[in-house]
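Two complexes follow with subunit A in common, the first pairing it with subunit B and the second with subunit C.
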Partner chain A sequence: MNFPRVKDRLPAPYGTLIDRARPITFTFEGMTLNAFQGDTIASALAANDVTPIGRSFKYHRPRAILSLDGSDSNLLVNLDGVPNQPAESTQLNDGAVVSAQNYRGSLQRDRWALPSLLARFLPVGFYYWAFFRPRIAGKFWEKIIRARAGLGVIDPDHDWRRAREEYDWADVVVIGAGPAGLAAATAAGAAGADVLVLDKRRTHGGIVAPDPAPHIRLSLNSIVHGIYADGWIAASRDGRLLKVRAGRIVLATGVLQQPAVFRNNDRPGVMLGVSAVTLIRDYGVLPGRNIVVVATDADGYEVAREIWEAGVDSMSIIDVREAASPDSTMAETWGATVLRACVPIEAIGAKRVEGLVVRYGGDGDRTIPCDLVCLCGGTVPDAALWGHAGGTLAHDREDGCWRLAGAADRVIAAGAVNGHSDPGDCALDGTAAGRIAAFAAGIGDDPRVAPPIPSAMAGSAPIIVPHEKGAEFVDFDEDLTVQDLRAGIAQGFEHAQLLKRYTTLGMGPSQGRHALLAATEIAADARGEDPGAVGTTTFRPPAFGPSFATIAGEAFQPERVTPMDGWHREAGARMMVAGDWWRPAHYGDPPLEEARWVRKAVGVIDVSSLGKMEIRGPDAAAFMERLYTFRFEKQPVGRSRYALMLDETGAIIDDGVACRLADDHFYVTTTTGASNQIYRSMLWWNLHWGFEVDITNVTGAYAAINIAGPLSRRVLSRIAGLDVGAGAFPYLAVREGEIAGVPARIMRIGFVGELGFEIHTPSGYGAHVWRELLANGLDEGIRPFGVEAQRLLRLEKGHIIVGQDSDALSFPHEVGLDWAVADKPDFVGKRSMEIHNRRGANRTLVGFRLSGNATDAPKEGNVTLIDGAISGRVTSSGFDTGTGAAIGLAYIQPIHAGAFNIKLDSGKTIRAEITPLPFYDPDNARQEIDP
Partner chain B sequence: MKLIDCPLNGPRNASEFHCAGPVRSVSDAIRDGDIAWSDHLFFEDNNAGPVLEWWFHTPSSYWFIVERDTRTDAIVKTYAPEDRPDLTGRPHQARP
Partner chain C sequence: MTAFDFMDESWAGPVEGAGEVARGGLRLTDLSRRRRSGIKGPGAPAWLADQGLPTPAENNSCVMAEEKLLLARLSPQDIVLLAVGDGGGKNLDNLEACLQRDRPAGCYSSPRQDMLAWFRIIGEPASAMMARFCAVDLRPAHFRDGAIAQTSVALQNTIVIRDDQFGGVGFHLLTDFTGAAYLWRTIADHISADSDT
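Our next item is the complex of A and B:
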């Protein structure tokens, strides 16, 4: 097909948004086209007279500009490889490569275009019926639907970068920079409020003071996606997500012009009147020369006049009303043909509009040849954001129009959205709203605003002309016609909310913003009710859909690193995530090798991620006694104890080591992942108990290093400022002293089942102590080991990992920790644990050893089977550091003894022998080894 | 995002807070039978209307009580724990 030459643009002052000094070229569907810097994709295509721009969602009908609102699905295009860019609002740059979407073959001859005869195979409620029954039909349709579904194709290889976020605050946020919004901003600013004006357009639509107050900021190109609780606004500008907290919001979003509904009202060349005016005014593009304006109120004449002034060859105004009005008389004087009591019947032309068939009085139908049909089918308030904040739309029966109703939290509407049509009234309404908003946000004096000026908006009946051959589109995104809506209602889906879900009305990107007036009227008519009784569906964010990249934005997930993190990375450690922390998984050697070295000689591990709590005060021991399961009142100063914590349901939630540093001072560790939660719960419990204790979370304040292995004492003694000998420092002792010249708390605990010491030192000294230990252990061959080796070593000792070997239903008796529970009057979880104990365990955690070879090692989560029935699951799996044989922990039924089966990922079943715990050194002889 | 008026810090974004569910008597049910105790643990009133809840301001490690209307999600009032000794079961008092 030959496209006409580039049309000349209208002379200035038309084309306010384009820079005629900067011509650019771009391609659309492979054609090279000219445009100007400042053009949007849609305006440039209109200037080049290119149609269609896209294909419709369901029937693949040719489509072009309808609303220029930025959300019509038919105008989503692929720009430089990025799909679903709105042609209406996306600016072109030189060399841009644009292609259309949603067609097969070529845009001009879309093989997926459905002849109207076949359209009956996609009836309303199609998806519902296709998948409802029989089930096999769903499978049949699925393939076809998947091939066609969705608009645009994502290129997985496309460059991407994370969208940024921006936070902002203002006393008053004004949404919409038209006459009302700017007046509101000026008034609120004059009262002293910090004002932010957001508008999705590239220019404001009113008068801005030449030197506005500095605390009034105008943010254009800013699309507001939603209003959330307490004045929280989500918007975006240039792909960046804006999160704005507003004291008060002035909503000045104006009205939405509605189309007229008649056969083929979707033909390229049929567009909203405001779209034609925007093309002329902002881009200097005259989208047609022989024009028909379909009008239902004064608004239509306003549009007609603006187009007329741009210079056209002919203009007919189709006024559905009977009576002459000052507007119609005026239009006749400038030369337009006005046809009153006239309705549009059908647009003709195959790929673009060539004429409009109208029904005029008693004369029957006639065809008016034209190349542009402007639809001015009345207006509705742009109320989506009002709805987000809790407001609704109500039908004003008297004036026959939709108005804002209900209350929207922190939102004050002003201007056209509030029912005003005269720009002067809008500005007055805006000024009042600005003052009220500022005062409500706590700025300035009570404005004592005069009572609101009465709304001058007159309603107008929507133009709906059903046709026996159909194709009278109500929802252009979803390809819904009058017949579709009527069919939905006839099938019983007559409530607005049901009708939406059944027909998909308003589910497209434009959210039904151009369907509201007609759809409610059709539903009301079918039900024999008032449109107000039908009502609208609930408005929910987003009003305009941001891209997923914008929503995803930045992830502010904290990541914690230990003071030795740099050392680990330099040493080539493979780092892994543990809770919020980065920890070394291993240092390049197989974890089993690292573990064996600890058993044989000496190793060090960074355990700084352990939670650490200081419990201080006269009631410290009483607090510990009440919170943990063990006894602590009589714990000697200078000794550590295992500390197990349950929740109120008796389930294990944490464990650690409690060190008594003084009569009134305990230092307790928690598991890496639970430190914040345990700290929170300590504070909460003590709010109820009222013990005189001070609880401090010092997790980040201390670095912690565990040095373990038969040679650990020898290494430590070289840099210890205190006696670490067996006599002075027995097993489970805790001492405060100096290590490598810096203060430290040292505990002798059996962390990995070898002679070992855990050194806690202020974080700033952590790297120093770590390096000193390694430097002073060269003779012993000291080596760092990672989390994986630690797990193997601890597994061998039968130490459970809370959260891995226990779950939300594990109580001490089940996992062999009944020894850690004291018989004392009360502790958290005791009441529930007693019930568990009385009822007996449903399962028990056992150690197992595989008879087969190690390559068959099960994975955590593999099920355990007894007599073919599922009995439990494997919770930890590892290797014996001595023999390399596979060992692990698993839940099985408690009555069972001997052996059980484990089903591997491969589906193979292997035999496991129950083995008494621990696997290694049951007498704890390794703690006293002194080579 | 909701704003929560923390008694210690003033209004802050809800993302700074952690909700720990409704305020309930901690100790009464412990003396009753097993069924009453498990009801206490596992059932919540789930009232439509004003409820009292424990909230925690994470950056400042501060527990307080929020009175929230579950029908509207509106926060009616917030209390420092010492203002509601009736709810913590233990008045805050200096050690004798």
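Our next item is the complex of A and C:
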């Protein structure tokens, strides 16, 4: 790369966005460059005369500024390690490190750049019918394609800033702070509406009242990415996601200037006219001294005048129209050379534009030397957001232009996007829109606005000059040329929607915003129809692509901890996630050892994450009877009972323990992961049935501790304020009393298959009771055990875990829970379950054991095989606490008996013997042990 | 069965190490050691009236009783009581004792003391800070003093009550005891990290 030539900035008032008192330095591709605070990457590179800035997606052609719109894929750069930052809109900070993307070798000498001649061998859609024949070729091409695919490289070690997000609300949101937008905001604000104005630019483009209403907020630098249902707007400002709820939306996004299509119209130095004006006006950068403006309407003359006034050496205006106009006459008086009935043929220059070949009347081609070509190829409404809200674009045959059509939910268009070109008309249109929007949002009186102002927009024919050598680009993101689109149409992809999918037209970051006019014209011409018949593609969010970090927002991740969480962590527990909860997996010892200690002596486990519901009221028993599969109406007070819940399809969704504390009071536990779902389900059913029942989710209100093992009663009795002896406290009994001096509910249940008690105490007491149990069990060797040991212990006892050993299609008789289903008139899921029962089970959950010397324990999810065919899967896998043999639960075909195979992760197949459940203590003698 | 009578200085509350974070005109305070309670059921409003306590006329609104006892009506059958002033705690003690003793029909205690952690955020930028976490419009002009939102804050179920009696715009945040540490950490982190609300 040649050392760049630093251009002198134009004097003030040019350069409104830069702070000349604050010079900064940055690097681009290793070169240290100067800029001012307020410069964007693109303006700074333009000021330093750096070119190219990037390489095109497909052919790797050198590219520089086209639109300054913030959406060109060719100007995506890596900034301080973050890829795909739009150089056109990203502000520079002192010391920034910027590099280009999508090249191999160097930006100047990109080894991936394809000569134009080779490009013809990569026609549009070639990848649909290339690369996969012969079959082996796919692997060859895959490496090459993967290496070239995509833009930018993500650094997985990059220290990402934490994304933030925030909500906002307004009666009226105005998108676009130009003359129409600001007039709309002023009118809506005057009506009393709370107004938020969003504009992606750093300055507004209209007149702001000296003392605007306090409820009008102007939010610049705010990019709107999409409009969704019910006035929901996704936007971002400084990388922060904004979620805005609007009563009504005024869309004042203006129009998009379109390029002209001719050979090499992508050369650095060829840019939209509006881009050159922005560089001059906002950044004080004169991007060239010998200028050619390609004009199709009065806009081109306006651009030319602004550039001329900045001081240039020469100015030629190429006007495709034949007739003279007041604009052309005026331009000639201030010194410009105007060539009418003239079209651009080809930009020349290898790395940057050095001249423009034009065809002028009957004089044949001639070359105009220049260092800047400004394209003013007509305009189209910036209608992407209109499309998000349900609107469309329609071609006005009479005026030859595209206009907004259809209805957009809650959106009112105003100004240039609505077909006005005069700033005064735009402001009047904005005022009317603002009043209508406020009234529609429920603010102010019926505006009774004047009739709509007639649109003065007139279309102009797009400038499309095909060339026999190609390289006349229509879509600069995707490197699509006139020939590409014609080829797509010739192959039958005639409608815009089909053409888009086949050619990738409009699929780049700029969403085809600078291709619409030319692409529809080319398609219409090929079909011999009006552009309206070709149609447009569907506008979908995001209109401007935010970073993934911005889309993700803050990514809040709620987590729940038990009252004993601090103790677990201090004790060195390895914590695991269970649903929303953090739970101890184990405390350092292998889970098998923790489990063996429970069998041998006594252990405690924190089970506070269990869901807990209070069911109270005169109809509590009737409610339980209808919700769960067991019988509860006759359940004695002071007793607990297994509670199994099905959904309407008869499938198992939850289980727990129901404790009857009073005739009209049940206390029910649920599985950890399902507590909220079950609570909602309970509320829904109760509403449906109309029982007089109060349901309260008290999951977080109670800590729960399970103390289990042959010595558990001995330890508990030391701190229990009630008799926990076998006579007074039999198996499945429930008592309310005091433990360690605090109130508690105590249940005698045996999930892990040992003598055990579950203590539920208000959460504020949880840590106290936990500590007291451990302190009073010291001489008995009490130890905490974690979730992994608990899972082993319950597996030995043959107790299933809902959600692990069952899935969304598990029915009670498939998993051995027929005993938990009572023969009663009705319960949720009964009819479906009975239909399923009559059809017969497709599978059954069985216990299995591997031979004693088996060392390869299967994993949960490993498939089971019978006669070589898949029969089911392993749902639980662990080890026998006595022998250490591998045991587990698995689904197999119900007719099978004896043995089956399991295929391990390694691919190896092992033999498993079906074993009656439970593996441990089939007579439940351990529940009554009294050492 | 509630924990309030056992609370002592050794109990850290649902968020160990929490207390107060103040910066940029905002103050986040953990009030979880203060008394609170709840009464549910179709008989709740009438029974409260019998006890001389007014019930808010509308859902999602609250009234202040004597001794700065705030009654928040979540639904016609679900009232939360917060002892926002020092005297309110004793009132709640008496109230709960009465409820346990009388067991009025259609009236059920709700263990809000153990169910909900209680934070308060105060300061002029409070609603702007809350806009980072909550989709409900809590701006002063749109969420009046005494209004209640049963909503999600940082994706966690939370009851938000506007209460301006402590100097500037203020919100009580009542959230599940078990998720309190997460919510405290999330809000405190935002307050500490930057205050440009």
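One rule holds in what follows: the second predicted complex is superposed on the first by the 912 of 931 C-alpha atoms of A that agree within 3 Å, B and C clash if a C-alpha of one lies under 4 Å from a C-alpha of the other, contacts with A are read in each partner's own complex, and residues count from 1 in each chain.
Criterion: contacts are C-beta pairs under 8 Å (C-beta built on N, C-alpha and C of every residue); 3 or more make two chains touch, one makes a residue touch a chain.
Source: prediction; values computed, not measured.
Asker: Thinking of the overlay built on chain A, is A:Asp525 touched by subunit B (first), by subunit C (second), by both, or by neither?
Answerer: neither
Asker: After superposition on the shared chain, which partner residues are touched by A:Glu29: those of subunit B (first), subunit C (second), both, or neither?
Answerer: After superposing on A, A:Glu29 lies clear of both subunit B and subunit C.
Asker: Applying the document's definition of touching, compare subunit B and subunit C: which contacts more of subunit A?
Answerer: C
Asker: Considering only the touch criterion stated at the top, classify A:Thr699 as touching first (subunit B), second (subunit C), both, or neither.
Answerer: second
Asker: Thinking of the overlay built on chain A, is A:Asp422 touched by subunit B (first), by subunit C (second), by both, or by neither?
Answerer: So A:Asp422 meets neither subunit B nor subunit C here.
Asker: Counting only touches as set out at the top, which of subunit B and subunit C does A:Glu165 meet: first, second, both, neither?
Answerer: Touch status of A:Glu165: second partner only.
Asker: With both complexes overlaid on chain A, does A:Tyr765 touch subunit B (first), subunit C (second), both or neither?
Answerer: second
Asker: Mind sorting out which residues of subunit A both subunit B and subunit C touch, each in its own complex?
Answerer: Touching subunit B and subunit C on subunit A: residues 243, 245, 692.
Asker: Which subunit A residues qualify as touching subunit B in the complex?
Answerer: Counting only subunit A, the residues touching subunit B are 228-230, 232, 243, 245, 618, 648-649, 676, 679-680, 683-684, 687-690, 692, 697, 831-832, 835.
Asker: So in the complex, which bits of subunit A are touching subunit C?
Answerer: Residue positions touching the partner: 164-169, 194, 243, 245, 554, 556-563, 565-566, 580-581, 608, 614, 616-617, 692, 694, 696, 698-702, 736, 741-745, 761-765, 768.
Asker: Which subunit C residues qualify as touching subunit A in the complex?
Answerer: Within the complex, subunit C touches subunit A at residues 1-4, 6-7, 11-12, 14, 16, 40-42, 77, 106, 108, 110-111, 113-116, 128, 131-135, 137, 139, 141-142, 154-156, 176-179, 181-183, 186.
Asker: Under the stated contact criterion, what part of subunit B meets subunit A in this complex?
Answerer: Contact set of subunit B toward subunit A: 1-3, 14, 18, 20, 26, 30, 34, 37-38, 41-42, 54, 56, 58, 61, 63, 73, 81, 88-93, 95.
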